[in-house]
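Two complexes come next, and they have one chain in common, chain A, joined by chain B in the first and chain C in the second.
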Partner chain A sequence: MNEVTVFIMGKGYRVPAGLTIMKAMEYAGYRLTRGCGCRGGYCGACATVYRLKGDYRLYADLACQTPVQDGMYIAQLPFTPAERPPYVLDELKPEGATLLALFPELARCVACNTCTKACPQKLEVMDAVQASLRGDIRQVAELTFDCVSCGLCTMRCPAEISHHHVWQLARRLNGAYLTPRAEHVQARVAEIAAGKFNGELDRLVRMTRDELVAAYKARQIEA
Partner chain B sequence: MGTYPKEMQESIERVEATRPARLAAQPARLTLPEQEALLQGFHPDHRAEGKRKLRVGPSWGDPVPHELADLLEAYPLLDPGAVDVTKPDCDVDVLVVGGGGAGTVAALWAHRSGIPAERILIATKLRHGDSNSIMAQGGIQAADKPHDSPAIHYLDVLGGGHFTNDPRLVRALVEDAPEIIRWHEDLGVMYDKAPDGTMSTIHGGGTSRKRMHSAKDYTGLEILRVLRDEARSRGIPVLEFSPAVELLTDAHNQVVGAVLWNLETSEYTVVKAKATVLATGGWGRLHIQGFPTTNHYGATADGLVLAYRAGAKLRDLDAVQYHPTGAAYPDQLVGLLITEKVRGLDAQPLNRLGELFVHPLEPRDVESAAFIRECAPPEKGGRGLGVTTPTGMIGVWLDTPMVDMIHGKGTFQRALSSIYRMYVRFDIDPTKEPILVYPTLHYQNGGVVIDEHGWTGIAGLYAAGEVEGGVHGKNRLMGNSLLDYNVFGRRAGIAAAGWAKKAAPASPTLAHVERYVGELKAAGVPPTRRAPLLLPEYRGERALARMVDLL
Partner chain C sequence: MKRLAYFPGCAMKDQARADEAGTLHALALLGYEIAEIPRWNCCGTVYSLAQDDLMRHVGPVRNLVRVQGMGERRVLTLCAMCYGTLARSARFVQDPERLQRINAFMDTEDDFRGGIEVVHLLTLLRDEVGYEKLAARVKRSLDGLRIATYYGCVLLRPREFAVDDPDRPEVMERVVEALGGTPVAFPERTECCGAYLTVGRKDIVEERVERILRSARGGGADVVVTTCPLCQFNLAERRLPQAPSVPVLYLGQVLGWALGAEEPAIADLLAGRPGASEPVCSGGAR
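For the complex of A and B:
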């Protein structure tokens, strides 16, 4: 088996090449509680920073998605404290000033782009900060849709912005207020409340297995 | 990009050669008898050696996978001498065990039903939101288009479950579905829509109408993070890294809370509650029959263990859902979910020769059985037409370039951005090359028996989401798990709030656990076996196991 040496919080271990950082830590004997969640790149629990041999940069990525390299120095971030101001969506207006009023630290952005470089999802994080400052809620929502709230941008941000909370609010404002409602959903809810399907459902619930099988086979499948 | 090894590359050339003909033709569906024959022959549930009958508890005699039987027939983790349950650390009206989708929805609706936020507690094993709910990619079903109806949805669910579902639960599922979508819109979930607000909906396996609503291929993430944010807005308390290790009961056999275990400080917390909602999710991390899994790190069937000891009945746990399309190459991705939406957008499964061997959208169990038959060697009755990787994995192609060819350039990256991102990290461009897939352990079809209000039949105990059973019978369709946790999370939250307003719990005890230990001893269960599991064990060589033990 091909092996590489990695340093987990400063301590060296030989692990098989090709493992992800997460599996390498487990191979080395760690039983993870913090720093491990969905193991598939969706939950943002496994934010990790690392350095490579002979390279001055501090890299950031998700431990479950990143293969180890020889000489890698690894430290997991168990948690990123981030400020979320109290708000209730129904009491907010989808206006440009809303984001800045709740997250005034947005104005401290110095456009250093460190957030973008830290993003494991390769999102245009700084562009989203700038869009927030301009009050362009829809653009913030679109730019940050793939955010997994790992907190790496927040940890690296010199302006101390709590990015993922800003994005969450922008997406909710966009979804609730700036996107037209589905009228067919409202109509169907009203039909159900009026009992339009009760007779048909009552009949289905009472059917024998054979009757159900026949009805199932007779379904028309939408092309 | 051409990053596949040479032998795999040769097979890709065959895939490309058959593509023009496949693009021009309509694949055929299997008849019910053909489906049945495939399941009997090749679905892992039909391997008798994978299961055994339970020897203790309320579902005595029911067959379940050995991996689950070992946890149900096991002694408590909790040391009764180490904790005084008559002195609670915390007293609430509604305790929600599990902070994924079902738990968060239950807490929100208990609150809307009049329970003050500070009288609710969500206790969860990892972080609030860490769950299978957050990983769901493809979508959520709801019959809300004019040419669809809850009755048609009902038939699809029943047929997908091979007519083994509980009709009352299916009715609740399909009748509440449009209301759930409307609630999500109120909360600000960004569903995929046309500019006029009409939902973009597609087919899922086994659906007869295009009723799959999605939010790109981050549907689960988008819904869950909105629900979690709403719970934060409402000030609902959450205790993280604190799984329940036992339920509490009183002298009247009511469930009156739970004992939590702080994973970081190794301390017990005794929570007394008037009503308890079990929302602990499923069993994927038990790696049933050695399969890799798409599931979250915490999916270890804890809730089944706790509820069973308290006297809850279980059902349909002989039926394991293997998702047809788990990644099979490269090694780092093995077992991870490739959403059914890829097939919903017309990508086809192909064998080594580039032949389409099954309709892309059969119900999941049938589709998985077809993949296994295609890969199994002829001496085991299979066709031996899988593609083998350099590390000995085997799989079939999913012809992903078809998505953009049929739906227009840019569709894949827009509609399937998480899958695209996952492969590009490993220098595979799924818009140009097919990807290799094989079935992976995905869902617990069965679970704790409930009624249409999420009530388990034990006073004070409710269940919602993957931990409960009956909604999907022996096989769940795509898009009905996100719907399930919303429908039954809501119903369980409302019912729990109603019970909490009139409940009169007596002093908490572990009497039910003592009774259960008596049964275990009488059945001769080895004393070394302990449960709940809480976390899977991957230290040392086990970190590698999921990469190599597939065949």
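For the complex of A and C:
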């Protein structure tokens, strides 16, 4: 079997090449109760940092998405402490002053770009901090759309910004105030409230099992 | 058209939008193709005086790297604060050892090679456009509007980065004259507005702002103009009830209006002057 040597929390293990960091840890005997969620790269729970032999860089990635390499030094960061002040979205305005009032540490950014280098989603994190500083909420929301809140940028930031909480607020402000209303959805909600579909629903409820199966099989399917 | 790299800075995209709009309108008429630098970040706002605090220079230098990446040798700023931090950091990293350390730190960017000149709008208007050409492009004169030109600190201090003689500056007055305005004698024009004390010691800023506005009003000013967003904020927002109610605008608003941009603030000022009965538009250069 093609194997590589990895060091998990400082202890060496021989593991099959081609495993992800997460599977390598389980292969080595770790039972993951934290730092492990969807296993699909969406939940952001398995934030991990590692170094490679002979390379000064500290890499950051998601354990479930990253294949092991020979000579990898691995540590997991299952949780990032980060302050999120309480707010009521309905009482906020979609402007830069809102972000700065709740997260004044944004103004401590020195544009070192360490956050960007730490992002497993390859987001332009520093650009989003800068867009926050100039009050461009829409730009923040767009730049951070794929943020999985893993917390790696927050852990690395010398200005101690709680990025993912800022991004979440920016996306909420963008959705609530800056994005055009979906009028067709509101129209449909009104139709439902007015009982337009009640008859159809009642008919389904009254069907026998055989009638339901037949109706299901005869349903319209999009090509 | 002459291409010119442009660093807006955060304020130009937020509270100083009117400054940017007026200035960019004017610069286009003056023959400049303004190229906003890509992915710029905050200038750093406050220039770090610590000799060993290299981290504080990463922000401004990263912007200069972006200018270099555009193939440009100089960059324009409108904001007095941005001018100060960018120009001073550009000088700071002329030291090879500092430059080498900053380049080593910014290992995902192209190495900064230095040699980028940071230009403020006022020096551009004086040294490259020239007052005469500026006057020739005026579409509607400021019609003698009495303007107090407020420099504040960072345009003139420290001396080696001053856009003009730090003790007797005249560039802003000359620009105002070229636009058809009347600069007023204004002893407090180079005094500090109190700057960041506006956060923790409003009382000091309020006292200074009152003194500055009294000085401007004493000279007969209809309006105060500045190129600094922090000065503009302090002069406009940190007023005690007894302070004179003279309006405070950005130079770009005055400049843009004179060169034909829409700027309701100036139109209102000209219309609202005591004894103003003549049409606001004087129909061309003086």
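As a working rule, the second predicted complex is superposed on the first by the 204 of 223 C-alpha atoms of A that agree within 3 Å, B and C clash if a C-alpha of one lies under 4 Å from a C-alpha of the other, contacts with A are read in each partner's own complex, and residues count from 1 in each chain.
Rule of thumb we're sticking to: a residue touches a chain if its C-beta (ideal position, glycine included) is under 8 Å from a C-beta of that chain, and two chains touch if they have at least 3 such contacts.
The model shown is predicted, which means the values in this text are computed figures rather than measured ones.
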Partner chain(s) touched by A:145 [first = chain B, second = chain C, both, neither]: first
Touched partner set for A:42, first chain B, second chain C, both or neither: first
Which of chain B and chain C A:112 touches, first, second, both or neither: second
Touching partner for A:171 - first (chain B), second (chain C), both, neither: first
Touched partner set for A:182, first chain B, second chain C, both or neither: first
Contacts of A:194 with chain B and chain C, given as first, second, both or neither: neither
Chain touching more of chain A, residue-wise (chain B, chain C): B
Complex contacts: residues of chain A adjacent to chain B: 16, 18-20, 23-24, 26-27, 29-34, 36-43, 45, 65, 67, 84, 86-89, 121-122, 141, 145-146, 148-149, 168-169, 171-177, 179-189, 192, 197, 200-201, 204-205, 209, 212-213, 215-217, 219-222
Partner chain A, residues of chain C touching it in the complex: 10-11, 13-14, 39-42, 44, 55-56, 58-59, 62, 105-106, 108-109
Residues on chain A engaged by chain C in the complex (per definition of touch): 96, 109-113, 116-117, 124, 126-127, 130, 133-136, 158
In the complex with chain A, residue positions of chain B that touch it: 29, 32, 126-127, 129-132, 134-135, 142-147, 149-152, 154-156, 158-159, 163, 167-168, 171, 174-175, 178-179, 181-182, 185-191, 193, 195-199, 203, 208-210, 215-216, 218, 220-222, 225-226, 229-230, 232-235, 241, 263-264, 294, 296-297, 331-332, 336-337, 417-418, 421-422, 425, 535, 537-544
